[in-house]
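Below: the structure, in structure tokens.
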Amino acid sequence: MLEIKDLRASYGKLEVLKGITLKIQQGEIFSIIGPNGAGKSTLLKAITGLMPHIEGKINFAGIDITGLQPHQIADIGIAHVQERHRVFGSMTVKENLLMGAYIKTKRRYIEENLEYVFALFPRLKERLNQQAGTLSGGEQQMLTIGQALMMMPRLILMDEPSLGLAPLLINSIYESLRELNSKGMTILLVEQNVKKALQISQRAALIENGAIAFEGSSEELRCNEEITKIYLGLC
Amino acid sequence: MLISIVINGLLIGCIYSLIAVGLTVIFGVMRIINMFHGDAVMLGMYAAYFLHEKYGLSPYVATIVTAPIFLAAGMAIYKILAPIPPKQREMSSLIITLGISFVTATTAMLLWTADYRTVNLSYSQEVFDLLGTRIGYPALISSIFSLLLIGGFYLFMTKTFLGMSIRATAIDPTTASLYGVNVKITSMVTFGIGLVLAGVAGAVLSPIFYMYPFVGSNFVIKAFTIVVLGGMGSVTGALIGGLLLGVSEALASTFLEYSMKDIIAFLIFLGVLIFKPSGLLGGRSRV
Amino acid sequence: MKSSKAYIALLVAVLLLSLLPLLMSSEKHKYLYDVLFTLNILILLSVSWNILGGFAGQVSFGHAGFVGMGAYAVALLHHHLQLSPWVAMPFSGITAVIGAMLIGSIALNLRGPFFALSTLALAEVTKLIVEGWRGFTMGTQGIVIAQTELLGIKTTGGLYFIITLWAAGFALLISLLIKNSRYNYYFLAVGENEDAAIAVGINARKYKLYALLVSAFLAGLAGGLIVAHTGFVDPESGFDMVRTVEPIFITIVGGMGTVFGPLIGAILLVPAGEYLRTEFTKAHLLFYGVLLVVFARFMPRGIMGFFRRIGK
Amino acid sequence: MLRTVFYGVFLSLFVLIQTLYAQEVFKIGSPLPMTGAGAAFGEKFKKAYSMAIDEINAKGGINGKKIELVIDDTQAKPAVAVTNAKKLISSDKVIALVGGWSSGVALAVGPVAQDNKTPYLLEHPALDDITRQGHDYVFRLQPTTGMYSAALEDFLEKVVYAQEKRKLKVAYLYVDNAFGQGVAKYGILPYFKNKKDKFDLLVSEAYNEKAMDYKPLLLKAKNANPDIVVLTSYLTDGILLAKQTKEVGLQAKVFSGTGAGHSMQDIYEKSGKAVEGYFSSGPWHGAIKSPQWKKWRQDWENKYKYVPGEHEIEGYVAIYVLAEALKGVKSSDIIKQREELQQSLKKINMDTIFGKIKFENFEGYTNQNKAQGLTALAQWQEGKLYQVWPKDAAEREFKY
């Protein structure tokens, strides 16, 4: 579904991605793990057009999306849930959800999609007219996922959903991701919480220094020697 | 007398608010300090004047004719500002809009002379009685018109996708773009809308104030006071800030020496800056 | 340029220009000397603005306030105590510094556009106080300052340009000293990212205050120099917004945050403004406006930034 | 033959040089606001000067020399005006300076003129202090702010008080700038203070010229229920005050301005006729009964299509005063010319359509034209401003 070929990206003179090649299959959860600063978030930003200078090729469902503007990529059907749950703090929960349905062709399905989101996160329905900035961290994370769902995307890029959340909340968020996936949603997941990520995903890749160090099934990665060394025996 | 003074303060406050609303939206979304805003008000006044003199159009109706022109002008000015790198944008935009302000005011003077003008309507001197307060019809209509416009604009900002996208862009342009908002176009439209509001404010002012090519500078500092007072980017903040300023000025000028009136306005402004730097209504771009 | 070379160049330039009246009579070329006076004053003011806005990243919209305080310091000392403007001059800077401490106590808690707009408001408040306090300041009627002489230099005469020249040179010297000291790094850090600066243990407030005080001193001095030359001040002219706007123009056009940007900006814009005003009595602001738009649009980093880029 | 050619060439060169010399002009410089809020006034004076200069030049100029006008834009700012004056004096080499519109500008230009021994003729900046600095190169032909209200004071006492025979309540509002403060400090306030037995000054307030809403101030005046309302205003504030006075329903037996805005034709139309019946006390609009004045006024209306007021006549007459004085200028060196002009101005004693012009030193004033006969009370009647007081200068009967 998503094919990335020899993707390079840089901040000024600092090259952050040094030639990444990846293929994401339809219907799978693909995890990208790796240490801080390895280029995981940058990879997502490069896909959705937030990096100003990239080289290589990105192909999504047969369309070449390399170098497109973020809003064009959103139109094509990729949702990008950024890290640290960036909601529009001074807008209400409802307005935030409606912003998710900003793309013209999706406005028709607002009612159904809202129901779908509320079914997944009943907490949001209770707080519908509250300012998003006053929600707890976990609720904000739910809201951003809800916003992404309002876009009716074919692929969700998920950046560190567990960051800064209590373990109980993390479990609940991951439960919802699993549920989404079971209904056929493709998810590209970036996580520092390696254990969680490899539990949920079918396949995964380890990025180090802007390049892919390992790629394979999540099972393989969990038992890989190198990774075991760094992340203390997950196998 | 007290009631009369408060009512008068509210009436003029509505108009202060209308001038400030456009400014606050432009500032909130683009962080552009638009020094051209006062001149846009001036142009709105002249447009109303000429349409009234030549075609007998009421200044309030004239806004329908002028709105598209202001929208286009705003978008054109944004085109000049857009390519400047974001880091320099705040200062450069200040200078560019001030430069455009000079060009506009001088051109207006060369075209229309420096003479002062006013719009006198057939009902200019008719008076309406409200709770024992005499209010001139133009003042009343202008204030109500302003309130309706601000109300309409509020609905636009909260109930339409375009309005919400403007607010979302003000808060976080990156995130907004990820939901499919074309930030460049939204910013451009926002600048246009801001100028439309300024032009309309000019039309509304024309029957109760006077105009000359350099009149714009009279409004700019006051409008910025309101913008900061209300919270940058906030429509309701601008409304409340304008009304508050109108009433406090009216009260101050009655019970204190008249020249103290402006000091009061600025002291309120400073008080807000000290105790609530984000303005009366908190964070930016709350509507 | 090596820093020691810059100091020498500055000294030589100031000394050489001081000799100008030997070549061209200051009696015959009064207008020229008056333009040079304006040029020096605007260099002084722009350097002052640049130290706060360019070096320390605190954009001020309230410089007219400091200029007005300096102007009124000289005018009031002259009016009430009959002090000669020559004697009163140092108090112009000192008064502005005291004013800046009061203003700073409010404004320095704020950041970015809030700081800028609060300085604008505080300058307006100062002006309104001067307007309202009629018994002491003569209110809107203004104050006339008699011209005086010191060592054959009249405050209204052509030779007065030498005094303003040294004042502008002094401002540039301070600017250079700051640029070559450790303060430059603190200012840069605070200007770039205040939170990060605080996080690494820099006392951001202290350095912002330093920049504000130095800037206010120079602006106040400019006010004192102007008022002695004009011989008249009222709140409208003393606190004229133009005194805020012009230094911003000049600094941006020359190059914000550089030592010589304000100098280059002033050398370019002051004669241009003069020429346009005398050539096009009515339309001069139109051309000036176009000039500003073109500069700010195509050289957002100013002339210094432009050449630096070309140099690369 | 060659000799004839040689002489011919020599002779024609000589004639050429002579005519060049003869064509030399008298340059008069004027620092005026041509941009900014005062631009409308700068334009008025420019028209007035040009009209007078064109007339004089059409008649062959002065001593065979034409007069030329050089205007420099002050933006109504004193600091800019200093540069303007220096440029006009040293770069344009003008023989005299004229005008300036605002008192602040004149206060700043005065010392420059004095310093450079260049005569400076004021025809409008009215603040008393300007001719109280002892500058003998600064001349003023019109009354000072302190004299503006003289005709009104006379009228109030002799007509209004005489008729009502009771203590009258007064409200006074004045613009907060050098002009307004001058009229208040040197004219209105001391007058009502001295006449406490006849008048009761209940409200006396300075206001900001740029305000958008004067209703609170007018309500305060209304609350005092005054018999007499006196206003010292420029044009824009005068317009708003008149309109809003009607709006709040402030009523009084007498409304009077003190010249400036209230004596300009603009205020009538632009306030939507709200000033009908208002008085205005200030510099008069000329010796209106004289045929020369009537002709001038007709010429003006023909040329510029509007009715002239105090500014126009002051500017026009100023040029004639300078022209008269220029007759005494004989030398060719500009510095000597200026001295001769100053001496000549000192001796001026002429009748103009603006009245008698004679510069005198008295009571601390230097080169100030005395005001007798130069201030008058006028009234807006059916859209025109007619002089109504003092009686001998009245065009029409006052309506009161």
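Chains: A, B, C and D, in written order; residue numbering restarts at 1 for each.
Following the convention adopted for this analysis, a contact is a pair of C-beta atoms (placed from the backbone, for glycine too) under 8 Å apart; a residue touches a chain by one contact, two chains touch by 3 or more.
Since the structure is predicted, the reported quantities are computational estimates derived from the model, not experimental observations.
Student: Given the two chain pairs C-D and A-B, which is bridged by the higher number of C-beta pairs in contact?
Tutor: The greater number of contacts lies at C-D.
Student: Which chain has its C-alpha centroid at the greatest distance from the C-alpha centroid of chain C?
Tutor: With centres defined by C-alpha atoms, farthest from chain C sits A.
Student: Quick check: how many Å separate the C-alpha centres of chain B and chain D?
Tutor: Spacing between the chain centres: roughly 37 Å.
Student: Nearest whole angstrom, what separates the Cα centre of chain A from the Cα centre of chain B?
Tutor: Each chain reduced to its C-alpha mean, chain A and chain B end up 42 Å apart.
Student: Counting only Cα atoms for the centres, state how far chain B is from chain C in Å.
Tutor: Each chain's C-alpha centroid was found; their separation is 31 Å.
Student: Enumerate the residues of chain B that touch no fewer than two other chains.
Tutor: Expected reply: 106, 109, 257, 259, 262.
Student: At least two other chains touched by the same residue of chain D: list those residues.
Tutor: If we look for residues of chain D contacting two or more partner chains, we find 35, 39, 176, 206.
Student: Which pairs of chains touch each other?
Tutor: Chain pairs that touch: A-B, B-C, B-D, C-D.
Student: What residues of chain C sit close enough to touch chain B in their complex?
Tutor: Interface residues on chain C, with respect to chain B: 59, 106, 109-111, 113-114, 117-118, 120-122, 124-125, 128-129, 131-132, 245, 248-249, 252, 256, 282-286, 288-293, 295-297, 300-301.
Student: Of all residues in chain D, which touch chain C in the complex?
Tutor: 34-35, 39, 71-73, 77-79, 82-83, 86-87, 89-91, 104, 107-108, 111-112, 115-116, 127, 129, 133, 176-178, 180-182, 185, 206
Student: Taking the touch rule as given, give the residues of chain C at its contact with chain D in the complex, in rising order.
Tutor: Touching chain D from chain C are residues 28-32, 34-35, 38, 131, 139-142, 144, 146-147, 154, 156-157, 226, 229-234, 236-237, 240, 242, 274, 277-278, 281-282, 284-285.
Student: Residues of chain A touching chain B in their complex?
Tutor: 48-50, 69-71, 74-75, 79-80, 82, 86, 88-91, 95, 98-100, 102-103, 107, 131, 133, 147, 151
Student: Under the definition above, what is the set of chain D residues touching chain B in their complex?
Tutor: Answer in residue numbers: 35-37, 39-40, 42-43, 176, 205-208, 210-213, 215-217, 219-220, 223, 235-236, 239-240, 243-244, 246-249, 266, 269-272, 274.
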